[in-house]
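The structures come next, written out as structure tokens.
Note that subunit A is present in both complexes that follow, paired respectively with subunit B and with subunit C.
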Partner chain A sequence: MRNDSSCNSTDHLVSRRSMLGNMLAGAAGVGALGQFVHPLVAKEIEAKKKQVLIFLLNGGLSQFESFDPKPNTDTGGPFRSIPTSVPGTHFSELIPYTAQVAHKLAVVRSMFAERVPGSHGGAREYVVTGRPPQQGPYPWIGPVYSKLLADNEDLPGNIHITPSRWGPRQDAAFLGPRHASLVLSGGQPPLNVNRPEVFDKELDESRYKLRQIADLRFSQRRRTAHTEAYQSSYDQAAQLIRQKDLFDVTRESEKDQLRYGSHDVGRHCLLARRLLQKGVTCVKVTHNNYDSHMENFNFHLEQLGEFDKPFATLMQDLDDSGALDHTLVMLVTEFGRTPVIQPDNGRDHWQDSWSVVVGGCGIQTGGVLGATNDNGTEIVDRPVHVGEMFHTYMRAVGLDPTATHLVGGNKVPFGAPERSAVKELLI
Partner chain B sequence: MVIYLTTRYRRFIRCVFVALMSIPVSSNAEDVPLHQLIDQHIDAMLVEQKLTAAVPSSDAEFLRRVYLDLTGTIPETQTARTFIEDSDAHKRTKLIDRLLASDSYDTHMAIVADVMLMERRPDKDVTTDEWRGYLAQSFAENKPLNILVAEILGADGVDEKLRPAAKFYLDRLVDKDVLVRDIGRLFLGVDLQCAQCHNHPDIDDYLHQHYHGLSVFVAGSKTFKQPDGKFVLQEEVMREVEFVSVFAPNKTSKTGPRILDTLMELPKVAEGDEYVEKPSRTVRSVLKVSLRKLLSERLPSDATPEFARAMANRLWAMVMGRGIVHPLDMHHSANLPSHPALLNALAERLMSMKYDVRGFLRELTLSATYQRSSFIPDGVDPAKLPEDSFAVANVKGLSPEQLFESLLVATGAAAIFEMQIDDAISEDSKAVAADDSEQPDSQETDAEKIAEARRLKRAARVDEFVTIFGGVPGQPEGEFSASLPQALFLANSETLSAWIPARLDNLTARLVALDDSTRFADELYLGVLTRFPEEEERTLINEYLESKRADRPKAVAALVWSLLASVEFRLNH
Partner chain C sequence: MTESTFVPQPDGADPIATRLVAELKHDRGILACRYDTVNHFLFAGARDYFVHRWDLAREPVVEPPADPKKKPKVPPVPVAPMDSRIELAEHQSWVGGLSLFGDGERMATGDFVGRLVVWSDRAGVPKPLFSFEAHKGSIRKVAVSPDGNLVATVGNDGAVRVWHTDSASKLHVELLGHDCHVYHVAFHPDGKSLISADLKGRVKHWDVETGKLVREIDASLLYAYSEKYEVDVGGIRGMTFNADGSQVCFAGATGDKGIAHSGNARVLLFDWESGRLLKELRPEKEEVCTAWGVQFHPDGFIIGSGGSRTGGFLWFWTPDNEVAFHMVRFQQRAPGFDVDLAPDNRTLAVANHDGVIRLYEMSGEKKADLAEAGT
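Presenting the complex of A and B:
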């Protein structure tokens, strides 16, 4: 830190060690301040750093119209199945691009869960926490990764790209709001990233520095847990305000913008790629809406028609850049849809069997695990419970799901203790 | 949440140990004022555990804390100055009495009770406005806590005056499982839902029976839609429920209405003669013997000692920052209280005081335990002063409402906020006028409408804080934790950044006009942090302002912000 005698520099404030010596004496204080003084450019991602990309197809994706087609049966619906890049494995014709990256994925066709209260909300929580929601709240998987994998203090550990008008979800439970998803509603930057008019750039630095000095004073002779978390929230805020272009997908090449498509989910997938490249640990993209109680086939034709290409493009890009080696990709949905087709061409909620896919880091890809019978009314091979998948998602990135969070002095296992990972899916 | 235990056994051993050690607490405890009794219990444990307690809080520390705890906001600058400079030896007691008698106490307690009982669920049949009005009125009258809870548990929503009390049932959709869980958690301090998952076979059946016994009281209740469209409660016959243990699937058990271990005798009613109004599609069914009424008479009463324990523990946690049993809804044999004898004493006193909330809070805040400093004593490792020792005042995060009110007081922006509200209202009315230019409202209703619109606009601003700083809907408020959206909000939000720059008579404007550096620093620190600045802080301010002479108003605004956004402001310490 230089000692600037001109009095114009904001460094002046922290240079007076005689006056502020006490405040800066703590090692934590100096560290935090050092970080602050040197604005960080986005770090290169270290080869070993694990990242996670989550796709949530909201409403309940039909397994019949995606990864477990049953053409020419009473339950199969009007669509054909098509071959994929994995010989012998067929997907629905609604996802031709995804079919071309099938060898980078593992398909699980035998997902199941018990019925839980709360319809979509409850079932979704079951999938992303691995615990029945009535026992909760447990942290969603994104906050868990943020807590356990994120080591870059300057970036939020867990960003959720949602359709527009989605408010923040308090999804971190006992891990605390620090790990809650930073929501980019409609793919837009978070709220309140623009400096108010009254503070110009220089004054902005002054106010953060004065604030920090006040905190350092307060935390002397007090329990520091509160102050450290508080300081780090401002460090993150200051970094984010400087890095607003992090969220600006128009800074990606025109060619890429064309490849991903100009519709929302296309832009959101490209934004997800950008965030992962910049080093964000966990990125989740939600695509609405698959809840097709009526007109299931038109619904899926339309939704998957949007989703298929950008999803496959992103898988391809991650693979090409080598990122797939350290990035776990999961595609989840709260439940599947009924084999029975309703009179108005709808399919209802179905928790007895559905499909998910997973790929990238730590995953044995190119295969299909589990099977349903000929017309998809029941699982006939290797049922996989949602709680087991939660364990698998942990193991894939090198985390031990039987290890524990410490909550108010009590140990809470990461994954439901009565479950374990699906070994067949792991390398 | 399923209960995982590690602290349990440590606690258990400690409690057994303590029980054996016969703590030197007054033998004729009944004559001792409760606040002294509290200190005797807490101090005895400190001696026992060889812990050093913090020194008494300074006047400034006490003032800010008790204002936040009893009125939900920080004091104005002048109030702080007067109190700190007052030499009256009884000023703390006088202040506590003054705050307990203030209107702000009523509205603050209404918010605390609302958040505790409804846990920020979205409104359904009763608005938060009506409900908080009812609660505030109850606290203004100092309605005994058992009576308040009896009104809530006995409410049917029909009686106009007590309709808001039915929010507890109606906004939970009269869902039996939600009600059993919440009645257990909130009023008995036991989370029976969790207990259902308990894997100890000896305990499991026992809790099973508790769960189903409580469910009998509400299982017959349903909503009924009145001709005017309002939902109210109706009740059908329910005398017992059957249940099956997961450990003995072939064995079916039965229980009648039961509050934990107390089974209730139901008066005999001849079959076919149970109803005042029989169930039908058009008429609300009413029973001769209402089980909800029975619940409202028996649960919040001396007959159910768990009620007084749970309530005493909740009121204690509200001001002490942590329950004697913690979490608050985990009263059970494997999660023993940190101070068992004290909790018994608190519960007994709450009963003998006839559930007088104001009187009880008075005693808690009068105690030396409450009035300790939050500074860790010199040379003591904070890690060795557990929060449940109450050796040091525990810090609490400000609730969203406390933060909102305190920011408004600190910035002195009441007038600016009024203008923000008026602007928003006039924009709305312009939009309405553009939409439909016909019928101008009559003059008489205008004043009322404006008052209503103002209340709603204000509530909307507070909601903005609740969204960002509040807990998960349907769950108890969590402990303090900082997040990025919160920091961004405090740094850049439109709401707050309108209050800070010099304007009208706000804090920054007053400060800009002050040339004297001592008075400047006093005004700033008293206004925002409710204390006088220390020498180092005065020096820092002077040097900073010297370096920013070019645009003093903006430099002062940055300084004001830095204290508003500090952790010292964000916490109740």
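Presenting the complex of A and C:
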């Protein structure tokens, strides 16, 4: 597949956004959006208000130590299950705070996917594109949301808060660099967001305008994906310099900083809340170290011990503020972990059954979909494929996963055409 | 192997001759095992909610081959009869802590959700004398004092607690100071000192009577902070004093291989009085695995058990040589999580990941009766 980002130029986006803006203004003038706008367009406008919060528990969260516990079985591990806020539903005792917000979530205990090349990378790509990686590259879901939902020119559409030492990924594929994740490695602001002291504001703006003129002249003669990328990078950098406070989590109240915790994932969740409040369309938080081939129980105890409270706190805050009504929350991992406990007290990769969690807008919460057998070795009810979940993530925010991207003149469906959304999860 | 510096005594154990003599089978991984030095039993904690007791007086049997027409390549290993094992119910999670009182009556066990159980009548029909939640989160190990008046527990809540054994949940002293999971605990043979050891390889020496911290011993060779994964790895997995308390060993692994692989197996031998590291004991060939269990043998050598998914091992060292003079590689790829020495000083019990306790004899002679191991 040819990567042609010129069909996704800034000009196209601006004109599309202007059109929608005009329509909104016009509709507001007559006072009733629904009466005067075509239903399909109204639905798209509705979708524009949506935001998405993605948690990636990187390495492969164990379903046994989280959302599908099997205590006192040969596979179950040493931890107990505890009741949740949903009567009859139990989680592992490692996530007591998440258990208290279970009614704001829907748990899918019957995820599966075929094994794909690339181990973690391949499986991760499958989860966030809904397509086997060998068929790609397809854009990850964050960039897709950035393209289809983001309507604020002054904000990055897609921000990824990562553990330290994570660099940018080429996750936008044919959507172009404008929609690639802006990576906040270690939750830190992008590098060099402070204007060099040698430039005052006026001089810096003059410099920026001069570069724009040069870019425009160049692009009128030779328009390539590279020039788009450079232009996009400069624009994004300018945005970031203007809004560097956006990334400063210390501006949140001390009380909130205490509530979320001083460890990295606590700060990252609070930063995610801040970014969503400021209007960023898609925020992804990655939490590491679930690849527990060795000492699975120790590592899950440690990692979920960090993750549980800030995640639940953020869910509660989003709910309290009303943001859950327009924010889709996804908690995903690339695969599950083996029922069999390995010799090093570990669990290996397992793509036959694992759990994901969704909540917020568009989702029927407070339930469990699918089931595994008594010791978690196989799915016994309602298998759900990763491709189906991709469709579901789209539908939940009012997007049509059967619609298409235009790539080099070809129509490419948003979601894998052979799959469809999980209706049981949708409102 | 390096040339052995160990010479067996005329009637003593001969590690070079170590051979598998019996299997005590279960269907869950075994985490801890202890010989009953008074009675003919072997107790174990496993990846289930029971304490298991095998009657070693029962003659092991050779199971008939699955296919009678095929002659096995190696002679089958005798197996303890199924009905020689009983299960003792009280725990609510895996049982990793197990320590027997010297009175032949009582036993203390701890589980992964913090429950401490002290049992009575261990040679008859064992019943919980008392049972309570001693820690928030897992109990990693328990230890009974030499006089049987105290039992110490350590766990994931970072606390070391010493309990009176004459009544339920009567705390003698709480010892705080570890800032991470505490993996192991042991009383010094004099009963006056207690040591606790943690994930970061720090050993704290406590005065049992006053609860004061006496000193710290640095065994952090068995710990690493993984820069790549930003996590702590390793810890002290096995720990034991020699009989007179002049030396202490810590078992674990050195180095940082991330979160998917262990470091290299090591046992650290320390002088108790000075707290000085005497020897860093290692296999002849580096093994990416953990040493989980360690025991001193009265004949002057040290036994370690361990392994990983690549295999399970017994190692034998003399205190004057860093390199093991002998190693037994298990047939099965299952680490030995614990090792205990039988009262006869010739038989070893190894708690294996694959759900089997294997008994090894450090002797070329074939014993007629397993029960001798318990006498």
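Structure notes:
Methods note: the second predicted complex is superposed on the first by the 353 of 427 C-alpha atoms of A that agree within 3 Å, B and C clash if a C-alpha of one lies under 4 Å from a C-alpha of the other, contacts with A are read in each partner's own complex, and residues count from 1 in each chain.
By our rule, a contact is a pair of C-beta atoms (placed from the backbone, for glycine too) under 8 Å apart; a residue touches a chain by one contact, two chains touch by 3 or more.
Because the structure is a prediction, the values reported are computed rather than measured.
When the two complexes are superposed, the chain touching more residues of subunit A, out of subunit B and subunit C, is B. Shared-chain residue A:E302: touches subunit C; no touch with subunit B. Within the superposed three-chain model, A:K244 lies out of touch with both subunit B and subunit C [touch as defined at top].
Look at A:R382: by the touch rule set out above, it reaches neither subunit B nor subunit C.
By the document's definition of touching, of the two partners only subunit B reaches A:P196; subunit C does not. In the superposition on chain A, A:H263 makes contact with neither subunit B nor subunit C.
In the superposed model, A:Q134 makes contact with subunit B only, not with subunit C. By the document's definition of touching, of the two partners only subunit C reaches A:F79; subunit B does not. Of the two partner chains, neither subunit B nor subunit C is touched by A:R115. Note for the complex: subunit A touches subunit C at residues 59, 71-72, 74, 78-80, 93, 163-165, 288-289, 291-295, 297-299, 301-302, 341-344, 346. On the side of subunit B, the complex with subunit A involves touching residues 1-7, 177, 193-194, 197, 326-327, 374-376, 378, 382, 395, 397, 467-468, 471-472, 475, 478-489, 491-494, 497, 500-501, 536-537, 539-540, 543-544, 546-548, 554-555, 557-559, 561-563, 565-568, 570-571, 573. Contact residues on subunit C toward subunit A in their complex (touch as defined above): 27-29, 47-49, 92-94, 111-113, 137-138, 156, 181, 228-231, 233, 259-262, 290, 307-309, 312, 333-335, 353-354. Listed in rising order, the residues of subunit A touching subunit B in the complex are 7-8, 12-13, 16, 19-20, 22, 117, 134-138, 156, 167-168, 170, 173-174, 176-178, 180, 182, 190-200, 203-204, 206-208, 210-211, 213-215, 217-219, 221-224, 226-227, 229-234, 236-237, 240-241, 404, 407-413.
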